[in-house]
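Labels for the chains are A, B and C, by order of writing; each one numbers its residues from 1.
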Amino acid sequence: MPNDSMFFYNLTLAMQSFKRAPTLYFLIILTLSIGVGVMCANLALVNSMASDPIPEKSANLFHINMNTWPDDQPPDEPMHILRYRDAMAVTKSNLTKGSAVFYASGVYARDAESSSMKRFDSEVRATTPGFFELTNAPFAYGSAFENSTGMEIVIGDELNQKIFAGKNSVGKTLELDGELLTIVGVLKPWLLRPLFYHPTEGRAFNLTDDIFAPLETAIDLGWSIHARSSSAVNYTGIEETRDKDVYYLQAWVELADINQKPALQSYLDNYSQQLKDAGEHPLAIKNELHNVNEWLKVNKVVDQKVLAFTLASVLFLSVCIFNASSLLLSRFHAAKFEVGLRRAIGASNRHMLVQGLTESVLLGFFTGVVALVLSWLFLKLSVQFLPRLANIAVLEPKLLVLGMLLALVTSIASALYPIYRANCYSISAELK
Amino acid sequence: MLNMNNISRIYQSDTIQTHALRDFSLRVNEGEFVAVTGPSGSGKSTFLNVAGLLDNFDRGQYELDGVSVQGLKDDELSRLRNEKIGFIFQNYNLIPDYSIFDNVDMPLRYRGFSASERKRRVEQALEKVGLASRFKYLPSQLSGGQQQRVAIARALAGEPKILLADEPTGNLDSLMARQVMEILHNLNNDGATIIMVTHDPDQAREVNRNVQVIDGQLADFKIYAPLGRSSEVKSKTISEAASAAVAEEVENA
Amino acid sequence: MNIKALLKSLLLRKFTTGLLILQLSITLGLLINSVILALDTNNKLSQETGLDIENTLIVSLRPTSGEYRNLDYYRSIVSEDLHQLSKLSGVEGVSLVNQLPINKNGMLGNFYDLDDPEIIRKDKYLRDVKFFISNENLGNTLALALLEGRYLTKDDQRDFGGNEPGNIIITNSLKKALYGDDSALGQETNNGRIVGVVKDIMLDPTIPVDKQYGVFDNRSMEFIFTGRFYLLRVTPGQVETVRNKVTDTILAVQAERDIYRIITMAEHMKRFYRHDKGLAELFLLLCGLMLFVTAISSYAYSQFHISRQKKYIGIRRALGARKKDILLYVLTENWLVYSLGCTLGLMMALGFNILLSQYISLSKPDIMLFIFASVVIFIAGTVATLIPAIKTSNIPPVIATRTV
């Protein structure tokens, strides 16, 4: 339906303009959308990597680094892995609202009642029960185990899908490396990007674990350590480690009030000082508390290669804008007769400006649509090239909006100078 | 000097054939000042384009300064234009972002002269049109008349055999037009062969031969002044004759 | 009024030319650095490892059943695995090991001569020496080149649970660190007595080549649960045949195992560098796109100037310029722009290199690369502008007398 408004008139003009020089506008849309697409794909990666996985309490959760290595040659100072007795000392503090002490392991799992002998490779988090409340782990069925001992486990959604087809499996028994453990809880699908509770050893974008087992049980069963460990002494199995200088446990605490942080700090420092006074270590008192975002930053979870590529994408986008700008300039130059004519019959400078902007907004819209398709493609492509990004290459809705905005902004940015130029052509020069 | 015999120029569009020139014949002798007049669309511009080797023709023979031009290659035509012809256009056709010096210098570069030779010729040519002091100016900083004089200097610098002028005063007010015409007359007096397209009957009457083009053909010609004077100055090139006309240089307002 | 118009026209040209120069320089900067990344990765992949990477197969596996918690059972199965694998045709040697060379981190420990424990304070790499828990066949299987002493033998396997130090062999760089040019044979260290020294192999590519400290002992039967990798030395040309038989052979011995990877050492090395390679390829891809966009720009720039200069080209033609003069004129103008772009691009390349090196490690640009990249830009630009340039040279001189 024809519409009298200036807006629709301008829109029609823009469409006519596109039709008049289809190749040129195709090139403009193509280059701009490639640029925006690459940029958007990159931002999606950076966004996934840099986001706060537990915004509701990231400021209240603290990862603990301690400095208790028994001689003067510690692997790190302080260390992010603790020995059993140091970690237990942390849990005993009454300053905290909750705590979690854990290590990562792995077992092969099967339904003990099933006739199939197929076993599933499962990532294990051997942890104190406080873990679930501290990380806000979402339960689908059942609940957390109550103690650090006992043959009870909580399993993740993925393993529950694989073994029990997603049904409520509370009460069922799994055979794990020859031992029978009972499921007391099943989690909902749980995505943590990044995996804040274990971002070390390049695991920041691993999936959440398949099996959560009581810490003491896992130690007793000798489930080996699948993450970094350091030891000042020789040992053969993890079951011997409780009173040895073997460092492998990570500790998190939750503070109800972050103002208690200094108190917790001095609690830890006191503990270290006591050890030092007893001659158990020669090191400086150096304990560190990092909240979630600080800890992610310390561990550089934002992939440096992706950052480097982002830098290149920014340059690329600017080249695309420059390109679109010069293409538009030549288009507007070719249309200067028409501009002159319109000005001569009474269109104001503002009219022409609005007309030009309408055109570039429409251009930006088309660009945005193409760019979003391309950015999805680029994401797939970058996972091909950098496979470890597989778990984070997702286009969230806010990225889609951002991509669209980026397309509009770039399109308008590249049209600004050409529009200005076009309106500077003198009327008389074009009409003789 | 210039000898056209039964020249035809046909413009072909999808449906219509237009005979811009039909069996056009004209002979111009050395030293003549010929004015070409005619209503618009008559073919006088086509004639000038063909004469200046800017445009080709479909039939007939054209001999310029003893060289038969039909069948010449594009590069050879370029060379002829460069060496034998000086153009003066209605709208001057100076390159706006070149200085006056560079504008006059341009055809000399295509001629392959050495830098010193070019400099000498540019200065000499500018001297003749009275603009030697302004060689650093840009065209837009000069008046229309001055710009046209630069264009004349550019045409003279290559010491051509023949000057082709297309409405040289068309864009000028009468005072400036007068100056330009005086330069052209002085050049002619000193032996230059000039062909000028004009629609101004007064200007046409001033020159020694007037040719009228109608419908692509020569309509008539009248002789306003005796012919043959130029044969004595054969050895002279036209550019040596220009200086007198600019004696009374009028400053541009 | 006239001066204003002139300035505007100049600014117009400056703007488009400036844009193109910026684009060219950014493209050049990215191109140079991408090629650097690609070359760096290639260099890494082709560096000398001291291993026959093509003919060494790695089998990564883990038992899946609880039976294996009985270590004697575990040992008997592994022994049978190794025996069966060694019988495969095309297999020249089989061993098992706790970790692979060409890897970061892994099982590390400090290492010093019992007479000089303080040395680890001077050389921090001595605190992170790689420990290979293996058996007597490792030397053969990896074709380690013996420099002095002997390989480990069956007799070097110690009693399980014993605490007395056993015999070990070490890499040459570790020997040099502890004993310089003296012989290391018979020396007692905190990890055992040295009976042999082998030529360095690439243990951890992220540390210097002269710090490839490694220790090999014969304790894999004792710590059987650490034996996550079987290594197979394969007759050249037989890799695929052997690879296809490995899974069946192992599972025929005992089925409750998870064999999650069977790859050659060369593939393992590629995996180690795949992210470097991936990044380099991403950069090259972006370069390709950027060259494409810049070529479009160069084309548009030429087109634009032709449309603006049509009349002036006509005048030049009327005044005697030949077609090739015009062609040369247009190309020279473009080449001038490319030269400016490349000059600025050199700075861009350096700046971008510095910026990138904050995130990743890469070599510095060199002059040959700059010349190479400039040639690419010139060729790409000339190709892109050749058609407009030829079109320009075809502008007929008669344009000059037209009044529009």
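As a convention for this text, a contact is a pair of C-beta atoms (placed from the backbone, for glycine too) under 8 Å apart; a residue touches a chain by one contact, two chains touch by 3 or more.
Predicted model, so just to flag it, every value in this text is computed and none were measured.
Colleague: Report the chain ID whose CA centroid sits closest to the centroid of the full protein CA set.
Modeller: C
Colleague: Tell me, please, which chain's centre (mean of its C-alpha atoms) is farthest from the centre of subunit A?
Modeller: Ranked by distance of C-alpha centres from subunit A, the top chain is B.
Colleague: Centroid from C-alpha atoms only, then distance subunit B to subunit C, rounded to Å. What do you get?
Modeller: Taking the mean C-alpha position of each chain, the two centres sit 70 Å apart.
Colleague: Report, in whole Å, the distance between the mean C-alpha point of subunit A and the mean C-alpha point of subunit C.
Modeller: Their C-alpha centroids are separated by 26 Å.
Colleague: From the C-alpha centre of subunit A to that of subunit B, how far is it in Å?
Modeller: Using C-alpha averages as centres, the distance is 76 Å.
Colleague: Could you check subunit C for residues that touch two or more other chains and list them?
Modeller: Each of 5 in subunit C touches at least two other chains.
Colleague: Under the definition above, what is the set of subunit C residues touching subunit B in their complex?
Modeller: By the definition above, subunit C touches subunit B via 2-3, 5-6, 9-10, 13, 311-312, 315-325, 396-398, 400-401, 403.
Colleague: Taking the touch rule as given, give the residues of subunit A at its contact with subunit C in the complex, in rising order.
Modeller: Going through subunit A, the ones touching subunit C are 27, 31, 34-35, 38, 73, 75, 108, 117, 119, 121, 175-179, 222, 224, 228, 236, 304-305, 307-309, 311-313, 315-316, 318-320, 322-323, 325-327, 329-330, 333-334, 381-382, 384-388, 417, 421, 424, 426, 432.
Colleague: Touching subunit A in the complex: which residues of subunit C?
Modeller: The contact residues of subunit C facing subunit A are 5, 8, 12, 15-16, 19-20, 22-23, 26-27, 29-30, 33, 62, 64-69, 105, 110, 120-121, 127, 223, 225, 255-256, 258, 260, 274-275, 277-279, 281-283, 285-286, 289-290, 293-294, 296-297, 300-301, 303-304, 307-308, 352, 355-356, 359-360, 404.
Colleague: Considering only the defined contacts, which subunit B positions touch subunit C in the complex?
Modeller: Subunit B residues touching subunit C: 45, 48-49, 52-55, 74-75, 78-79, 81-83, 87, 89-91, 93, 95-97, 106-107, 110-111, 138, 140-141, 154, 158, 166.
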